[in-house]
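Next up, some structures in structure tokens.
First chain A sits with chain B, and in the next complex the same chain sits with chain C.
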Partner chain A sequence: MATTTSLKISADAEPRQAAWVRWLDLSDRSLAILLLAPAALLLALIIVYPVCRLAYTSFFSLSLTSGLPAEFVGFENYQLMIDDPVFWETTWNTVLITLITVPGALIVGLGLALMANLPFRTQWPVRLSLLIPWALPLSFAGLIFAWFFHSEYGVVNDILNRVGLPGIIWFNSPNWAFAAICLTIIWKTSSFMALIILAGLQTIPRSLYEAADVDGAGRFRQFFEITLPLLKPSIVVALIFRTITSLQTFDIPYMMTGGGPGTSTATLAMYIHQNTVSFLDLGYGSALAVVMFALSMCVTAVYLRMIRTKE
Partner chain B sequence: MNRNIRAAALACATIVSFAAPALADTELKIYISSQHQPNIWRKAIDQYEAKTPGVKVTIETGGNTSEAQAQYLNTVMSAKDPSLDVLILDVIRPAQFAAAGWTSDVEGKDLSSYLPAYAEANTVGGKTVALPAFADAQFLYYRKDLLDKYGIQPPKSWDELKTAAKTITDGEKNPNLQGLSFQGKAIEGAVCTFLLPYWSQGKALTNNGRLSFDHDAAVKSLALWKSFADDGTAKKNIAEVATDDTRKEFQAGNVVFAVNWSYAWAQSQGAESAVAGKVGVARLPAMAGGESATCLGGWEWGVSAFSAHQDEAKKLVAYLSSPEVSKFMAINASLLPTYADLYKDGDVTKAAPWFADALQVVETAKPRPVTPRYNEVSETIRTTVNAVLAGVSTPEEGASQIESRLKRILR
Partner chain C sequence: MTTTTASGSGGLLSGKPLRAIAAIILLVNGMFPALWILFTSLKTEGELTAKPITWFPHAPTLQNYMQAFSDQPLHLFLFNSLMVALLSTMLTLLVSVLAAYALARLNLKRRGLILAAIIAVSTFPLVTLLVPLFEIMRTLNLLNSWTALVLPYTVLSLPVCTLMLVSFFEGIPRDLENAAMIDGCTRLGALFKVVVPLCAPGVFTAGILAFVNAWDEFLLALSFNSNPQLRTLPVGIQLYQGEFAFPWPVISAALVVGIVPVAVLIVIFQERVVSGLTAGGIKG
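Up next, the complex of A and B:
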């Protein structure tokens, strides 16, 4: 009801309707529905349908290797998940990667953005170097860093040896392998953070800093009292994107360690891939994917709430 | 006018004569992994095309490891894509592909002329689901020159190997020389790494598709490999080593003993090899008191269930699996035949003299568990082997993990 009135008001404000609307003799409400329909349909087709289908499949025992027809099993796949230590391990690894790499990429990204915003005479080399890690495909970054961290031929161990430190067999220990993966993810994703923050930085009027200069505020104070508060919206947007992609981390650990040693660096997305693509267990894989979807939704909801209270 | 009619008739005749053979031609597409020398298979297929008018065969390649190949085919086949007619499959996969309904049965083929292990690997529930392409097995590669120098015979047990490796590496004083290279990375090869000493203690992993797990034998197997990593016989980063790493290190002259498949031999004799002419191949060592065991490898030809040319595809597969092609591939590509008598064939032994000794090894090679859920079995074993070698789990924990997970998969 409320929508109709508000539409009426807006229609009153703009009394001249297009000729074809008058010709079709449409009410404002039908017109709104008509115009929104294609977008809504497309959205339903590419988002709502697959998600519903995924949830539906997760209630079936559907394994292409069993040769058996799909059978409705209710919550059995979810029950299996609770008893599955690999599910908990991969979920924990995913959360840990998020907790380490999101703040890590934020700090590095903020630094890079501030640097790129400095009044250099020519700024394109700085901005280009920001774009390169962002533009590189994830799996390619994983492949390059797998070589960097290789215990015998890698450049990282070579540098360690040159400064007199012993080389590390990175992928032979869960902790070092995890560290190598997190460093790679931070390298790969901080430039994305920097790009969004840089856009935010450029919307801050110079006059604010000039006024602060007049008032005698130092660089440090200017950063905390002007830059950071005004950057908050850009930072939150960057955090939302980064956190969601982090929950879906797949390519970099897949290329660097394949989840090893053992399953100690495997992520939830890798476990979903393994169950669906390698084991062809579509029922269990769908149930896992539903959990990941729910996790992403929760995180987004928290962030959106954060923005609302901030405003 | 008359001339115009004649020209039109000629044009029609030309169109018909070009169109007719095009209509009769059957286009078959065959998938061969890139590491399996598709260029030499191409020559065998050229001969087939020459004597089978109306059939054209194109080759699609890709996937240079068994896992990469399987992942590609999993995607194509689960989409019921009809573009591939014939597929090359790792010996562990025909059962899975048949259960998923991805391959069609090859009816009326007598498998008794093949080596028994391959007849078995391609038979699921009494039906022939694929035909053998070539055989394979793991062998112990060793540096004949170094063993001769120290007066050591090829080791019969893993303990002997450990002592021999220590004597040679201590004597050579070369920091780059390692005693033994095997596969510790979480790849298919690591499944065989686990099974070699396990089988060698006379234990089986499955019995009629059911799990028959021997916990103590599994602990001993994992402990054996871990001891090689701990006492310096193998490199400290052995958990990073894949099959082709072993081949490269051995070929560069940095390894005394290596566990590898037959493909490594041809390359170790090649122009780029530092050890050409210095390589010996023997059966793999056994556990103390046990018998030597090796992992059965090899590849098979399957006909896609989604192919629109079932009869033609089956005829092509029968040809590719025939003794004449097997001999051609043995001579030209050093691929082990699946027919016993070819190992004594004069032309074959002239091209690859070591084949004469390989038959005994291939004949006693054991197949990995035949089950449609093999991918899960494999993943369980290979990640555990990798975790034990990296020191994440102890051999006891590893054996318990394998047991509890295999119980769920093979219930």
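Up next, the complex of A and C:
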């Protein structure tokens, strides 16, 4: 669909181009509009219109299972939400996952990046060890780690037993299940953090450390006074990206626990999915989505402000 | 990028033994989960239930792989995933190359604003669009089709790919295009004959990023395509679990089959992916 539009643009833009040469400014502008059009159309269809539609739907009672026509109910969906313990629990779980896994992945990612930045003679194994977790689908990571944490045949309990500790029945207890999910998310996301931080590390000129050596600064002082401050921009970018994606956590808990036991590991994204796809309650699902959207936009606002101050 | 700057400038760790320890930690952290799944997929049922568990398969068998393909239409899942990922990658590249060129080269007045809008859009959570997209796909009769996934996946990668390509295009000297245009090339001709070939590594990296994004996506695939013939890999793999039992060796085999295509891409193009990702990440 969008393919044909963009082909058409290139086809009729070419002959017109020749006449534009004398009016370069004008041509640039029209051409720019034509070139941006396919992207704008796609974004409008898949993001902008749906977001408007979302806000609209959240004020309606619209359940496909009830067979009733959509009815304007004002803020009723939102009122329902305030009285809904599952909404509060899933939102709290989402926030808790963000509060645990974002700093967790940052610390692990920083460690991985510092290690990956050592002067290894062959670079490709290091690169691969950071890229494989990044490229592994989240849903696969969820299944793989569900197998890792399996109470009888899982390798985690096997290692615990070998060092003389009792195995844990991870997925029967809300707290252990939650811990297993957080560990999996930290593993999955720390590699991408490490890649971004590594790029930041490699832009720090060696001369700074040499100067610090001359001044007699120890390695720890160098780390806290040179490395960390200069890494700040890459760390901020990595943190905010991770925070935004963390609010959308779905795949890993869905695959590992399905939200259980009970709803103890369910996230807001899972609750939206359940209300929409399983219960076909589009009105309530929309209201939930509006809340997540608002949460996410708060983070983005901070993000944009930081980028602006950076420039 | 890495050639001139100091490696080891982390400053905290140094020395040969430390390097060896670091290498082991990095490799185990990165590779062990995937390797463990590979081991599991080669084990027999007997080996799986032995206590304490065996780490390496002593009598490797391909039985689980055959079962993975016969229990569920794994080849169909693979085919759907490949087609959806390839189609959305191509569409993403086409659209983002055009947009990135406009942003990098044509002196737009509100360039900063457009870039900010692209960044903002890229942070919109896809989950929140589940309801309206579900409605749109339902009214357009696109539920249970590749298109229902290709369009959202294209948009998912579009912002990042565009930002990446803008930075790549800006690195190409304008003189090269001007020379081509003096030789009679149109602007678009110069874009596709000069700029895109010179940026081939960058375009390629953007493509891999779009491919991986589409290959990974689970929520929309789960919600929009329930027809068994149209399931993608992440959705299809769930079907292996029985009501009470998880046939782990068979699931592992299916997972290995699903990991291989992306792993091959990553192994071949690792260097490019790292530099592209970090360029995109830092600029984004």
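As a working rule, the second predicted complex is superposed on the first by the 257 of 311 C-alpha atoms of A that agree within 3 Å, B and C clash if a C-alpha of one lies under 4 Å from a C-alpha of the other, contacts with A are read in each partner's own complex, and residues count from 1 in each chain.
Quick note on the criterion: contacts are C-beta pairs under 8 Å (C-beta built on N, C-alpha and C of every residue); 3 or more make two chains touch, one makes a residue touch a chain.
All values reported here derive from a predicted model rather than from experimental measurement.
*Asks:* Between chain B (first) and chain C (second), which, if any, makes contact with A:277: first, second, both or neither?
*Replies:* both
*Asks:* Return first, second, both or neither, reflecting whether A:189 touches chain B, chain C, both chains, or no partner chain.
*Replies:* Neither: A:189 stays clear of chain B and chain C.
*Asks:* Let me test your reading of the model: by the given contact rule, A:246 touches which partner, first (chain B), second (chain C), both or neither?
*Replies:* Once the two structures are laid over each other on A, A:246 reaches no partner at all.
*Asks:* After superposition on the shared chain, which partner residues are touched by A:77: those of chain B (first), chain C (second), both, or neither?
*Replies:* Touch partners of A:77: none, neither chain B nor chain C.
*Asks:* Examine A:141 and indicate which partner it touches, taking first as chain B and second as chain C; both and neither are also allowed.
*Replies:* Only chain C is touched by A:141; chain B is not.
*Asks:* I'd like to know which partner A:61 touches here: chain B for first, chain C for second, both or neither.
*Replies:* In the superposition, A:61 contacts neither chain B nor chain C.
*Asks:* Counting only touches as set out at the top, which of chain B and chain C does A:171 meet: first, second, both, neither?
*Replies:* first
*Asks:* Now for A:290: first (chain B), second (chain C), both, or neither, which partner does it touch?
*Replies:* After superposition on chain A, A:290 lies in contact with chain C alone.
*Asks:* Tell me which touches more residues of chain A here: chain C or chain B.
*Replies:* Partner with more touched residues of chain A: C.
*Asks:* Should A:31 be classified as contacting the first partner (chain B), the second (chain C), both, or neither?
*Replies:* second
*Asks:* Can you pull the chain A residues that chain B and chain C both touch?
*Replies:* On chain A, the overlap between the chain B and chain C contacts is residues 150, 152, 277.
*Asks:* Hey, which residues of chain A end up touching chain B in the complex?
*Replies:* 64-67, 150-152, 169, 171-174, 258-264, 274, 277-280
*Asks:* Would you mind writing out the residues of chain A in touch with chain C in their complex?
*Replies:* 1-3, 6, 9-10, 13-14, 17-18, 25, 27-29, 31-33, 35-36, 38-39, 42-43, 45-47, 49-51, 53-54, 57, 112-120, 123-141, 143-145, 147-148, 150, 152-153, 155, 158, 161-162, 187, 191-192, 195-196, 198-206, 208-209, 212, 219-220, 222-223, 226-227, 233-234, 237-238, 241, 244, 247-248, 250-251, 254-255, 269, 272-273, 276-277, 282, 285-286, 289-290, 292-293, 296-297, 299-300, 303-304, 307
*Asks:* Taking the touch rule as given, give the residues of chain B at its contact with chain A in the complex, in rising order.
*Replies:* So the residues of chain B touching chain A come out as 67, 70-71, 74-75, 78, 96, 99-101, 185-186, 236-237, 239-240, 372-373, 375-376, 379, 383-384, 386-387, 389-393.
*Asks:* Contact residues on chain C for chain A in the complex?
*Replies:* 1-2, 5-14, 18-19, 22-23, 25-27, 29-31, 33-34, 36-37, 40, 48-49, 51-53, 55, 91, 94-96, 98-99, 101-103, 106-108, 114, 116, 119-121, 123-136, 147, 151-152, 154-155, 158, 162, 186-189, 212, 215-216, 218-219, 222-223, 233-234, 237-238, 248, 251-252, 255, 258-259, 262-263, 265-267, 270-271, 273-274, 277-279, 281-282, 284
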